[in-house]
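First chain written, first letter: the chains are A, B and C, and each begins at residue 1.
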């Protein structure tokens, strides 16, 4: 028993002492901002792109002389697309005297992080989690959501689809089982009904599937047997690609006249290439070489700096999301003239700044971003990378956003729309 | 209702045959080596990636498609040989728990390697043109690729049965599987047979990868989704029994399909009920292994 | 297996060595208790998680190292404890927290009993491994269907408890109070497990692991003791989960998947599964490696997988086993018997 006890004691002491060195850090010097993204695991493809956008923002700020005369330093951590890890990372950064954090890049990590922010006295920008709770029942003063929420996003997508394809009279959704899937399909369907010019279209009952399934043939068969000609797909990532592969084989491409999808965007385009569905609409955060982004100075600068920093010429849309969230913190620090939590929060509440998609601001009541949301149409093409964006439309979030209700759970039935 | 039933049947068979393509190698290696290779799914995944790298996203014809699958099978066979030499050989005579854990570690390692080589982007391979169409059977939409998978599974089963029952190679393998000591005593080169069996099982994994790559999106996790079904089939069917695995795969496929069609709000749960029932009723599988286990 | 003889060797230690060992252990516990004043909150959180993983790994190793059964779905028990405790706190079941812990532990033991009674009689080894994996996957699916348990997003916003001890309240909601409670709880559980392992019950388990047939011949009801071991193991794993819920304040399906089930296996093997303290050593070692490599994302799978394979091939008895071998080698060289 003795040697084990000795070993344990030494291991414990060594670990404590070894890790303690980081505790004693200088207070002046660079402004340290935490950046927690999913850099490994399932969320890594998206997380890495967002981090790239944040890194470009930091580089841009430092090139222009920094903030408050100091350089900006990003303290980067991997939250592994996992809520425990995201909490651990936040606690670690807080212990390291960092009070400004970009995190919660996806809903799973945001839900664990949000309640923690007041306790750690941190100002947290939730980068891309769109789940309603972040600005409703989980709302607290210390968090800001730097992206459109699910209701705004998918209502706008539905409105875009029906306005662009008004001749389609019957719609149906395929959604993953769970809150997000049910809600996004519901928001989409309601918007299709509401914004249809002329007679109200029919929205059939949603067909559900498992989010992590690989075989959608049963659901595809149901879709093929239905009367719908317009489709919303709520499944994402590799599942959506499997869906398209299997659906194409049975002729779904001919049956449906328009498809809106949850937000894979170029991920689907890159994978499907020439076999991309020809009238595929998606949520679009950024397409650097399509209008209106191509003429936008912030967009052009982001693209050039991204190419310079990463050496890659095809940035993903998520780069802009990471860029936008970082801009919110940096501009907040600049406007507050301080890096302390409360002044920065006050400053961000009253902030307006330019992003690749135009001017944005945060709603004071629930710290929800109010911006312009873009939607893109994708189709196959004969040249590399064998898909292309053929159209980009936009809807002002202010037209579609739900009333602010911090502290209260969101319920679509209560909206008097 | 009947069109749904027809669909469940076809889809269930197709899923089942896809499971069997993956599970065949798994049950083969268990029958002879008594090791459950948890890394089997990872090698299936590598086979899929290799066939994508060699054959591209749009196979020109069904013959190129099959050829590429064979290339992938051979490549994975080579990897299997290396794995055998480096890892599996040392686990032959130790407690099977060690083998389970070591092969589990191997699976994680292979997934990490695949991510490092091919990145985390998703790919999609299309079925070859000859099977890239659909037919309508009684109101159910069925793609020809689905029928191809069914055909491939049946062909594999037939081939394995013929090899095991009617050829001298099969007889030798069955002898080694039933009683390795006796087989060695009568002059069979047991280590050689074991090595060839391991390589054959990996070849099957790679072949399955190549044949099934148009079935779903290609990602480092594609093995994981099949491998759980494969394990369940092998356990329900009886470890080491190819017939048992074949039957169990069909059962699993149809139950899963029926679950998705008729009880879609609780999708994915019925096969676990099936597993629990099967293990309670027939703990050693439908076709328990004979001989020294 | 010759490695098993290690467990007998360590009993032959002098009284002085045992006393020294106890003193050092006490010192470690004191250090842990004072940790909030010594390290930053992030590291404190990691220490808390490591304590939970240590208990989880101990529960797994009771089954594997001491009874010879490998469970590949142990995360299922952990999830039972975690989700139950999370729900009890979040939805305010009006139960005293200590009672919640007890119920969670009993819940895990009950489920283990149900599985054990049905499965352990007929299945061994590989069948048990696949069954445990499948059951955990099934549980994950069932939790995924339940909106009350948060489905895919998990059960969040779990408050930390206030324990009513009659004369006074133990308020664990502020600062590091819950961490300290966790340290105390861990020490108690480890002590209880140590007692079980070194009791007659523990010796019976070891007899079964060494040779189940011989154990049967001398009259041990092997099936019954396997079930008992499974129950203690499942109950302890559920306790580990229960303790983790107020620590992380969110419970998600990540804690119910394949990888979560492999953590206790890895920790036990890394530290040495032939020793009682092995899983604890392994948990600390793994947490440390994880923390040091946290700025190198994406390595985790290659690292975890590689470590497992290397450990099995090179040092199947883990860190403590290696140390034991070295110690005996030096002992021999020095001329001692």
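Following the convention adopted for this analysis, contacts are C-beta pairs under 8 Å (C-beta built on N, C-alpha and C of every residue); 3 or more make two chains touch, one makes a residue touch a chain.
As the structure is a prediction and not an experimental result, all values here were calculated from the model.
Peer 1: What pair of chains is linked by the most C-beta contacts?
Peer 2: A-C
Peer 1: Measuring centre to centre, with centres taken as mean CA positions, what chain is farthest from chain C?
Peer 2: A
Peer 1: Between chain A and chain C, tell me the centre distance in angstrom, where each centre is the average of that chain's C-alpha atoms.
Peer 2: Computed value for the inter-centroid distance: 36 Å.
Peer 1: With chain centres taken as the means of their Cα atoms, state the distance from chain B to chain C in Å.
Peer 2: Their C-alpha centroids are separated by 33 Å.
Peer 1: Enumerate the residues of chain A that touch no fewer than two other chains.
Peer 2: Counting only residues that touch two or more other chains, chain A contributes 44, 177.
Peer 1: At least two other chains touched by the same residue of chain B: list those residues.
Peer 2: As it turns out, chain B has residues touching two or more other chains at 265, 268.
Peer 1: Which residues belonging to chain C are in contact with no fewer than two other chains?
Peer 2: Residue numbers touching two or more other chains: 145, 298-301.
Peer 1: List the residues on chain C that touch chain A in their complex, please.
Peer 2: 10, 13, 17-18, 20-22, 24-25, 27-28, 31-32, 35, 38-46, 49, 144-145, 147, 151-154, 156-157, 248-250, 252, 254-255, 275, 277, 280-281, 284-285, 287-288, 291, 294-295, 297-301, 319-320, 323-324, 327
Peer 1: Using the touch definition from the top, list the residues of chain B that touch chain A in their complex.
Peer 2: Counting only chain B, the residues touching chain A are 3, 7-8, 11, 14-15, 57-58, 120-124, 126-127, 132-134, 139-146, 214-217, 219, 221-222, 225, 257, 260-261, 264-265, 267-268.
Peer 1: Across the complex, what residues on chain B touch chain C?
Peer 2: By the definition above, chain B touches chain C via 30, 36, 87, 90-91, 94-98, 100-102, 104-113, 115-116, 224, 228, 231-232, 234-235, 239, 265-266, 268-269, 272, 275-276, 279-280, 283-284.
Peer 1: Mind pulling up the chain A residues that touch chain C in the complex?
Peer 2: So the residues of chain A in touch with chain C come to 1-9, 11-13, 15-16, 19-20, 22-23, 39-41, 44, 76-78, 80, 82-84, 87-89, 91-96, 107-108, 111-112, 115-116, 120, 131, 138, 176-180, 211.
Peer 1: Which positions of chain A touch chain B when the two form their complex?
Peer 2: Chain A reaches chain B through residues 42, 44-45, 177, 207-210, 212-215, 217-221, 224-225, 237-239, 241-242, 244-246, 248-251, 267, 270-275.
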